[in-house]
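What follows is chain A paired twice: with chain B in the first complex and chain C in the second.
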Partner chain A sequence: MSLASFAVQLLNGLASASSLFLVAAGLTLIFGVTRIVNFAHGSFFMLGAYVGWSAGHVLAAALPASPLSFWLAVLAAGIAVAALGAVIEVLILRRIYAAPELLQLTATFGVLLIAGDATLALWGAEDRLGPRVPGLSGTVPVLGYAVPSYELALIAIAVAVFALLTLLLRRTRFGVLVRAAAENREIAGALGIDQATLYTTVFALGSFLAGAAGALALPREPANLGMDLAVIADAFVVTVLGGLGSIPGAFIAALAIGVTKALCIAAGTIEVGGIALALPRLARVIEFIVMALVLLVRPTGLFGTQSTPAAQSISGHRRLEPPGRIAAWSALALAAGAALLPALAGSYAAVLATDILVAALFTASLQLLTGSGGMASFGHAAWFGIGAYAAAWMSLAGYPFALAVIAAPIAAAAVAAAFAGLSSRVSGIHFAMLTLALAQILWSGALDWEPVTGGSNGLIGVWPPPALADPRHYYALVLAICAIALVALVAVAFTPYGYALRASRDAPLRARACGIAVGRRRREAIWLSAAFAGLAGALYAFSKGGVGPDSLAIPRSVDALVMLLLGGLSAVFGPLAGAAALTWLQDTLARSTEYWHAATGIAILVLVLVFPDGIATLGNVARALRRSGARA
Partner chain B sequence: MLRSVLFAAAAALAAAGSLGPHAALAQPIRLGEINEYKQFPAFLAPYQKGMQLAVDEINAKGGVLGRPLEVISRDDNGVPGDAVRAAEELTAREHVALLMGTFASNIGLAVSDFARQRKVLFIAAEPLTDKLVWQDGNEYTWRLRASTYMQTAMLVPDAVKTGKKRWAIVYPNYEYGQAATETFKQQMIAQGGSGLEFIEQPVPLGKIDPGAVVQALIDDHPDAIFSSLFGPDLARFVREGELRGLFKGRPVFDLLGGEPEYLDPLKDEAPVGWYVTGYPWYAIDTPEHRAFLAAYRAKFDDYPRLGSVVGYSTVKAAAAAIARAHSTDTAKLVAAMANLRVATPFGEVTFRAIDHQSTMGAFVGRLAVRDGKGVMVDFHYADGKDFLPPDDVVRRLRPAAR
Partner chain C sequence: MTAILELSGVTRRFGGVAALSGAGFAVGEGEVVALIGPNGAGKTTCFNVIDGTLRPDAGEVRFAGARITGLAPEVIAHRGIGRTFQVASTFGSMTVRESVAIAAAAHARRDGRFAAPPLATHSAPIDALLAAAGIAALADQVCATLAWGDAKRVELALVRAGSPRLLLLDEPAAGLEPDSRRTLMQQASALARNDGVAVLFTEHDMDVVFGFADRIVVLNRGAVIADGPPAAIRASAEVAEAYLGSAAPAAAKVDTPRASPSMDG
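And now, the complex of A and B:
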């Protein structure tokens, strides 16, 4: 690579970084003030692209060959998406600010599902490539290379937006309010700042940036239905890497990632000590590797000042109630009903119930970590996937079924123990992002390590022994294992260890003063939780006949979070209720309507708004009512 | 859409009822269909229309074995585990005669292994992976669409003819792109002789960084380019490459670039002169295709995409198998698949007994722009049977055939 080439690749990196910065700036603003982990931010980006495409067409007809049509379309896209963001904030998010913060993530996940289907319905399935920008459709010679002039314009726009945002935050009253709210919401509220208006405004501003960024991406990529998920993970990484809520941080982080990616691609395959390393392959995960390395050294990101209290307050709203006699009897009745299910409802019911039980175990393992441990995880699929791959690999290598199932939790716990040791300084949302980084690195490894993992196709031919080949028989085994595991997880929560863990979550300083080894309790929760997730992964692999990279991917981690929050973060039956609700909903809706993602999203929103504490807390509500009735 | 297929089937059932006394009483034969409708809508929406057209045509003629056909579709959300659950549901609850469909290779393989485990016929419609019929091939799985190997082999003769030695290969970094790359290299060496050089540039699927990739390719100074990109990645690569002058003076080959699903979004920016495989529906002048085109346009007021042909032909293949087997019994159906001839819009294709691959081919030609749209010109139909390895090689590749 010549020096000129290197310099121009840096410029390419800057152009990509500019696009990324515009998306991430909106996300970091929203998070900084409202503490919402906005999963729908990628959808806002996608909607911006589609609106920009449509507006561009209308305006190009009105103003032929004028560059104005493009820029007006960008503005229109930003405004339209800002309006949508404001509506979503007022109608949905505002109602659940008091609930655990992860609940808002669940709600925005519902919005993501609805937005995807709405885009499909409005614009159709075909990709929509926008026209080139009049006046910026050519190239500029830079050091002997032709660099598209639009990419240089994009860099200028990013710098301008950065400057404007900095001015807005540093020099205006609005900026003072935003910074005050970001620093301490309660005190800002106590000083008489109208929080409702502030949150809506900030949410709209963030959405505006995402929408405009989507429209600005059009000259480089067609509007397509995969844009939402393609951008959201990177935007999160930039936000967290830069330091939550920090606009300069997002700027630097976007630059770092854009440039690192471009250089990986430019470097091509290099040889290190005789081993060929195909660096372009790293382009898939390099942002996560960079983020993980930075978080391990600087646990709050590049420009992050304080660790967010998110983790500790995550489940502070409702105490985990020890199961009473009613709960015990209902669990027994449930188990008895479950045991009779295949006889009553046939073989497919057993298949579906197997999926529900596996999902419940996976969710319950997350409940131990996030509910009792106070450690949110965006990458819980890592443990599920390790377990699934370990079991599949053992099974294909000829080891007996039982050994393969036992190996899974051991493998997951072993990796988790190492991870727990490494990540002990990282907490809150940064810890959640670190788990995501780990899951993404493993996912990419599974895709690349073809001889062991089967690459993108995964491993197939992983079936239980003939005696369990009938789905009803396999279901019986899964029921037995999951029943024991679920009871064990509940029991753990009410051992002295469980109380110590929750004490470490709620009041780490006081817990430490009482002699509780807070750090150690947490590390134990990480590997214990991973072991149960790994067990769920093994049961999953054998029920599906195989395992693939999807077992490690982001959607699986999100599923676990959504099921946990739907069921109830601090409800004994929460994981089971959430897993049953989501699995059954998806199974039923996918069969009955083309727009089943939207239908699922709506169901999630309704459940979140009606049962902010989870559907499994129904019993608690009834009990509370009875108590208040008795008192009256 | 799912509903409309069912509705059309029901309407056809009523229509069939008026044809004769047998049909009125007959229970429909159910075909279980699984696909990644949410992940690949650009391909699969036309695919579903193609299926619907085939079902309607068959039922208008009285169905199969005197019974109407009914397609029951399931969306697997792009997750192999969900596809397996859908397969369980279709077999256990809907009692389908066979399974068919799937787009992505990992899903195709998962359902194929389910078919082996539960002993049910699976006609894979679209997944391209060679493993489906070779390394992981099994008794119950058959595939319609030409594989990665076949499609790549179709482009190799033209690539050899260019006489270029230094090739840059850019591909989506997962099995499909890796297999296309490997096949291209092997076939070029086998047919093009010595002195060949290959430089590879893998890109993450759906997330190409076009500026950096194009410049890295320019810096490699290749004589020619072979790409297996498709979808949004392809559009971004084309636009950036044209702007930066990557394609100037270099022959470019793109594996799927002529498929309307990926070509049409490019409009007047379709890269002129590229060698591609695809589906020039506007210019195929055979009786089979004229009939298909007319029926499709009459029914949907839209032109067919490649997905339409694949969906249509998959249903036709399933119907042909049932008719030949005179039964919906799996063993008989599997036996009927061997050397089964199916009439498709591309002409008659045969499901080879040796590796369960159909001989469906593809159109090979070059891209041009006409009336502001990308089209294929100077094309010919490459029959799939001419682009498969010799039988002894196939037997070595396919453990199940030994």
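And now, the complex of A and C:
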């Protein structure tokens, strides 16, 4: 490869980095002040692209041949998205600033689902090709290669925005307020800073950046419905890598990722010790690898100062009540009812009930990690997917069904034990991001490692033995396995280990001073939880007849979080309730409306706003009713 | 009296500030020692170094004859050092009974058992621990809802569940009304008198310090400026200066901690 072609790749990488920086700067600004990990930021980027596309068409008609039309469209997209962001902040987020972090995250994911379907309704499913930018549609010769001049403009814009943001934060009164609130919200509030206005303003500014970035991305990639999740994963990586809340950190991290990606693509396939490494393929996950490596060395990112106290903010010290006699009888009654279900309701009900049980087991495994352990995970699908792929691969390789089902949790736990050892210094939101990175790396591996994983088609033809071919029979087996596994998970929570894990979450210093090996208890929670998730993955693979990369993707991880929070982080029946509610809801909605994502999003928002403790804690419902009765 | 805890030359810096600089003192078995000094003298840093939360930059900590410098807090706890925190820390999501039970299980090294029967919360030893700490009536209360003084008593019960040979109490009496203050300190003294447990405590209330300590160690700017029985400390001009006068000359005058007016018990 020549130096010149490398330089061109580098410029291309810098242009991508610039786009990424604009999105990440907004995200990190919002996080710094409000402490909200905002999934909807991806939607703001996507909406910016679509609004920019529409506005561009309108303006091009109004101002024919004017170079201004594109830039005015970018501005319009930014302003429209900023307004939307402000409305969302006032209507939804403002009500949940005091809620546990994970709940806020779930709410923003609900917004993402709604925004995604709204975009589908307004602009349709097909990709919208962006305009050529008047005056910048040509190329500039660089070292004998033609470089699109728009890419150079994009780099200049990112540098200018970085400079402006730095000036804004360092030299203006607004900047002082933002930095004060980021440093310590309580004191900033006590000093008389109008927090409500500040938060809304910051949210609008961050959304403006995302919207404008979306419109600016149009000439390089068409507006499409997958943009939101794709960009939010990248933006999370940049903000975490740079240090949450740090604008210079986001700038440097975006550059580092852009350049590393360019290097991977430019290097092509290289040979190391006789093994051919296709580096361009690595470009898909290189950012996650970079983030994982940085977090292992600097657990709070390049410019990060402190880790957010994960334990308290996540659990909110909700008590896990030991199940009493009533709970035990209800569980028995539930199991008996579930056992009779196929006879009463037929095989479709059995398929749906299988899905619910698998989802409940997956969610219960997350409850051990996040509920009892206080460790949030944004990548729990990693363990589910490893289990699913391991079982599918064994089954296709000719091993018996039982062996495949047993191997799945072992495979997941083994990978998890290694991951737990590596990540032991990383905590809080950074740990959650590291799990996300792992899941994304595995997801990309599943796509690329075709001989073993089947690539994007996945592994198909994975069925249980003939005796279980009838969905009702397979359901009976899943019911037996899940019942045992769910009871085992509840039992673990009340063993000395379960209490020690919760003690480590509630007060880590106190726990250590009592002689509890907090670090070891947490590492055990990671692999124990992974084993159960892996088992769920195996049951899933055999119920669907195969497994694809989607079993490792972000939506699956988020589904587990949503089900957990719907059911209640610290409710014994929470995972089952949450899984039943979400799975049934999605199934019903998917059959009745094209916009079932949005319907799910609305349901999530309603539940989060009305039942912040989860639907399984019915005591809260009773209390809420009594309260509203008292008010009336 | 044999020393159970010995610190020598312990130094710990935070950035440019030395919270402890060459601090050294000892605590004997069954002895009640008060660690006092103005705000910022290094008392809590000293506790954190002893219990392993902080690693000292220099110096060593010996416990029961063995070097414990740099060991993890949970390892040091198992060696027999129990501590309370300035802001009493309990397991917020658990009942008092459950907290004491898990502390006792951890002491018996059963905290890693996940393929095991449920944690036994109702047993004679746990009832005895609750009764000894005077918190039997609080047994079923969730720790997050405890009043300040009750939380302190519960925390002491958590520490006692580990049968420590040395108790570190960080401002045990702060924020308590006089009655509870006396009860809590009497509990600690009784442990020292009857069971030979060594007690090292920090405290700002001089009535508590002079009422309960066998010996007093005075820290100023990270160094020990006096170490002796209460009467000698009361008479020390240097201590008075550190507390009342300008602290800088007092600290400057002392070359080594041991050179302070001969007050070694």
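We take it that the second predicted complex is superposed on the first by the 614 of 632 C-alpha atoms of A that agree within 3 Å, B and C clash if a C-alpha of one lies under 4 Å from a C-alpha of the other, contacts with A are read in each partner's own complex, and residues count from 1 in each chain.
Just so we're on the same page, a contact is a pair of C-beta atoms (placed from the backbone, for glycine too) under 8 Å apart; a residue touches a chain by one contact, two chains touch by 3 or more.
The model shown is predicted, which means the values in this text are computed figures rather than measured ones.
Peer 1: Looking at A:Thr305 after the superposition, I want to know if it touches chain B, chain C, both of them or none. Which is it: first, second, both, neither?
Peer 2: neither
Peer 1: Could you say whether A:Thr172 touches chain B, chain C, both of them, or neither, answering first, second, both or neither?
Peer 2: In the superposition, A:Thr172 contacts neither chain B nor chain C.
Peer 1: If you stack the two complexes on chain A, which partner ends up touching A:Phe494: first (chain B), second (chain C), both, or neither?
Peer 2: The second partner, chain C, only.
Peer 1: Which chain, chain B or chain C, is in touch with more residues of chain A?
Peer 2: Greater contact footprint in residues on chain A: B.
Peer 1: Once chain A of both complexes is superposed, is A:Lys544 in touch with chain B (first), chain C (second), both, or neither?
Peer 2: It touches chain B, and chain C stays clear.
Peer 1: Check the residue A:Thr197 against both partner chains and state whether it touches chain B (first), chain C (second), both, or neither.
Peer 2: It touches nothing on chain B or chain C.
Peer 1: For A:Asn184, decide between first (touching chain B), second (touching chain C), both and neither.
Peer 2: neither
Peer 1: Which holds for A:Pro471: it touches chain B only (first), chain C only (second), both, or neither?
Peer 2: first
Peer 1: Which part of chain A faces chain C closely enough to touch in the complex?
Peer 2: Chain A residues touching chain C: 315, 317-320, 322, 491-492, 494-500, 502-503, 505-507, 509-518, 520-521, 524, 528, 570.
Peer 1: Could you please specify the touching residues of chain B with respect to chain A in the complex?
Peer 2: 1-3, 37-38, 41-42, 44-45, 74-75, 77-81, 84-85, 88-89, 92-93, 105-106, 109-110, 112-114, 117, 129, 131, 136, 173-176, 178, 199-204, 206-207, 209-213, 215-216, 218-220, 231-232, 235-236, 239-240, 243-245, 261, 264-267, 269
Peer 1: Provide the residue numbers of chain A that touch chain B in the complex, in ascending order.
Peer 2: 1-2, 5, 8-9, 12-13, 15-16, 116, 120, 124-129, 132, 138-139, 145-148, 151, 219-222, 224-226, 230, 261-262, 265-266, 268-269, 278, 280-281, 283-284, 346-348, 351-352, 355, 447, 455-458, 460-461, 463, 469, 471, 540, 543-546, 548, 550-551, 555, 586-587, 590-591, 593-594, 596-597
Peer 1: Which positions of chain C touch chain A when the two form their complex?
Peer 2: 51, 53, 72-74, 77-78, 82-83, 85, 89-94, 98-99, 101-103, 105-107, 109-119, 142-144, 155, 158-159, 161-162
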